[in-house]
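Letters A, B, C, D, E and F name the chains as they come in the text, with residue numbers starting at 1 for each one.
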Amino acid sequence: MIYMAMATGFLLILIGFYGALTNRNLLRMIVAFTLANTGVNIVIVAIGYMHGRTAPILDAAVTASAAAARIIDPVPQALVLTAIVIGLGVTALMLAYAYKLYERKGTLDIAQYTDLKW
Amino acid sequence: MDALLPILGGLLLVGGAAFLLLGGLGLVRMPDLFNRIQAGTKATTLGTLLTLSGVACLQPAWGLKLLLIGLFILYTNPLSSQVLARAAHRAGTEKSSKTMVDRLAEDTGEK
Amino acid sequence: MKKLLNFLLLFATLLLFWVWLNGSLAADVLIIGVISAFIIALLFRDSLAVFSGLNPTPRALGYSVLYVFFFIKELIKSNISLAAIVLSPKLPINPGIVKVRTRLKSPMGRLLLANSITLTPGTLTVELEGEWLYIHWVTVESTDINAATARIVAGFEQYLEVMYD
Amino acid sequence: MIKRFITLLLLAGIGAIFASLLFTYVPDSELNRTADYYAGHTASDIGAANIVTAIIVTYRGLDTLGEVTVLFLASSIVGLVLSLGQKQHKTQRNRVAVGELLTTGSRFLAPLIMLLGVYVFVNGHLTPGGGFQGGAIIASGMLLLLLADPLRHFSHTLIATLESFSGLSYVALGVLGLFMAGGFLDNRILPTGTLGELISAGAIPLIYSLIGLKVGAEFSSMLASLSETEDLK
Amino acid sequence: MNILMTGMSAVLCIAMLGAALLAIRVKGDDSLPLSILAAGLVSLFASVLFLILAAPDVAMTEAAIGSGLTTFLFFFLLARIRGTAQTVDKNDGSALDGRDYD
Amino acid sequence: MIEFLVYVAAALTGVAFLLALYRFLKGPSAADRVVAFDALTIISITAIVLTALVEGRGIYLDVALVYALLSFLGVIVIARYMERGL
């Protein structure tokens, strides 16, 4: 299960890169970025998973004394939580810039953005 | 009684999953959008409700929260389907050739 | 006066929702629930609650219970008829959008009517406009307004009419 | 053509690295030292049942402060960039009218969604969820209001006030921890209480509620500024 | 019960890869909203996968933020770019057509 | 016995999931994909509840509640986008 999830995550990163590198539409590139972002998150969470253990939340099912033997690693989860929230901030910024570029140029095709070419 | 409840729960689970399957089948087989919405909404709503009640039979302590999820789905699922149907109709989505009457299109002056 | 009543209804609904979510009646849960429900009810004064517009008579309460049972019956019936349609190889459908009339005035009652119609045999509310409901029907039995109204709306309306005025 | 070739070559290289990572990976069977410390000490030191929350709010509290700052910057830059060069006069926006069903439904559902958000961030130390999720749910409730009435204008002053108030209180609570407990953002300025009760885990519910309000205000302002931007032709 | 979880995650992984490929490969008139929708679906499945990997906190974050708010932001931007100022012709086939934005 | 029934239920849900996914990938119109999206979300709620049942953790149910909310909002956003009301 871990290997499957991890392979999916890696493949998602590759698909995201491929999409970002081959598409010329700005919004499609941003979509591809979010895909790669999801892939990275899946890989990190899969690294934290341990076979036969359960979520790091103490309740009637997992008591505090038995915690160390029953829960999975909570650190990657905290990391990924942060990553997802920041991912939204980055996506929102990219979208705002895409809107401005479209307003200026009237197109989303990056082949038309030739200001820095000479 | 105590032995009967889990069996009932398991049967409800299977029944709910069967209705979900019917919903999926309807989604694939129905000819046009509105019929698909019908299949998608009704079957998945009842299927999920049955699944939730099955789980409630297996784990009675979760009953309250499961009931809340069920009520939420019961309220939101038809609502979103109606809004989608209205939008699709306004956008002029293709209707199946079997459609015999469309009063809404007549009244809004389309076609 | 009416505003105050609406506020209190909303507050009660929110508090009920809170206690239900938490699944406990401990003092700390209640205190935080009262505070947050009060603030949210204050912010959404013109909002609706399930009970707003509900007639406070015993008869309406009885009809609400009957309505729930009627609704569950119709839901199961609708799924069985849908299953029959989906599983038969010939797909016996005869779809169309018909127009029916409703007498209900209260917003909550109209919404519940539309939702109930969507979940009952072969019908889907497409548009609600004034007193007219436009309904997509998988197997159209009648295109006449009155006949279709009697067939689709009447069953729920007799309950909802008593519950909401 | 050559570009496509380079792309594929690059992807093949990255894919090879990923494959080697995947095939040499051996899952742990024991918790590592950090995780073991967190697992053993959270319940007694912090008093939070959700260990992820304990890490985010207390053990790694400073990181979360940074994260909230980044979000704040993102939302203000989005607002700034979108408002640059916008004509101030209100052009009439002929958007399709909202159906009655959606209006009624959203009037009913929006308060419940808000309360669900409050539930998620108040219970952050007991159940899955917390400030960020609760804030996102509150912003979704705002989105529902926006959908039901596209021309509604949220009071940006109210959102900004709420945002700065919760941000300031968050930092103030952190500084309070410096004086009354072990360090910046220490949650033990309040008694830790019994594990599993709603009012427990010291200041964690308070801090997470402030984070939730702040994040909700930030996301709402992002959505509102995107919604109020004029359409391009 | 372990087989159940493994099978469930296998189905989810396949679905995720399918939706991701759709998101970057879809061509045609109404391709942009579709690829956004497909990316939202990938996030949605990822969130169920997180739950199976015993990370409910991450699952909830991904559902509320990754799948919810990101998709909403994309659609808001798309609606701004599409331009509703032109007369809305109800009969123009599909409203999700891409004719006037790229 | 119970375990067997849970397996059967999960298998049926999986088939339903794949059918809805087929509709999503196939189309043909965008609205069809949205309907499939809605159905997939609802089926995911069942998957979450089954996961909670198998793992025996009641706290997972909160995630299902958030899902029920999101399926509704997502469909409404797309519907409003389609009818040019966003």
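Quick notes
The rule is short, and it goes like this: a contact is a pair of C-beta atoms (placed from the backbone, for glycine too) under 8 Å apart; a residue touches a chain by one contact, two chains touch by 3 or more.
A quick note: this is a predicted structure, and the numbers were derived from the prediction, not measured.
Contacts with chain B and chain C are shared by D. Contact analysis places B-F first among chain pairs (by count of C-beta pairs in contact). Separation between the centroids of chain B and chain D, computed from CA atoms only, is 32 Å. Rounded to whole angstrom units, the spacing between the C-alpha centres of chain D and chain E is 20. Separation between the centroids of chain B and chain F, computed from CA atoms only, is 11 Å. Counting partner chains per residue, chain A shows two or more touched chains at residues 7, 18, 22, 49, 54-55, 57, 59, 77, 81, 85, 88, 92, 95, 99, 102. Along chain D, residues 50, 52, 95-96, 99, 101-102, 105, 109, 116, 120, 127-129, 132-133, 137, 140, 143, 219, 222, 226-227, 229, 232 each make contact with two or more other chains. Multi-chain contact residues of chain C, defined as those touching 2 or more other chains: 21, 111, 114, 125, 127. Taken together, the chain A residues at the contact with chain D in this complex read 2-3, 6-7, 10, 13-14, 17-18, 21-22, 47, 49-51, 55-59, 64, 67-68, 71, 73-75, 77-78, 81-82, 85-86, 88-90, 92-93, 95-97, 99-100, 102-103. Residues 95-98, 102, 109, 113, 116, 120, 127-129, 133, 137, 140, 143-144, 147, 150, 227 of chain D are the ones that touch chain F when the two sit in their complex. Chain F meets chain D in the complex at residues 59-60, 62-63, 65-66, 69-70, 72-73, 76-77, 80, 83-86. Every residue of chain C that touches chain D in the complex is listed here, in rising order: 10, 13-14, 17-18, 21-22, 26, 28-29, 32, 36-37, 40-41, 43-44, 46-50, 107-108, 110-111, 114, 125, 127-129.
Residues 1, 4-5, 7-8, 11, 15, 18-19, 22, 30, 33-34, 37-38, 40-41, 44-45, 47-48, 51-52, 54, 56, 59-60, 63-64, 67-68, 71-72, 75-76, 78-79, 82, 84, 88, 94-96 of chain E are the ones touching chain F in the complex.
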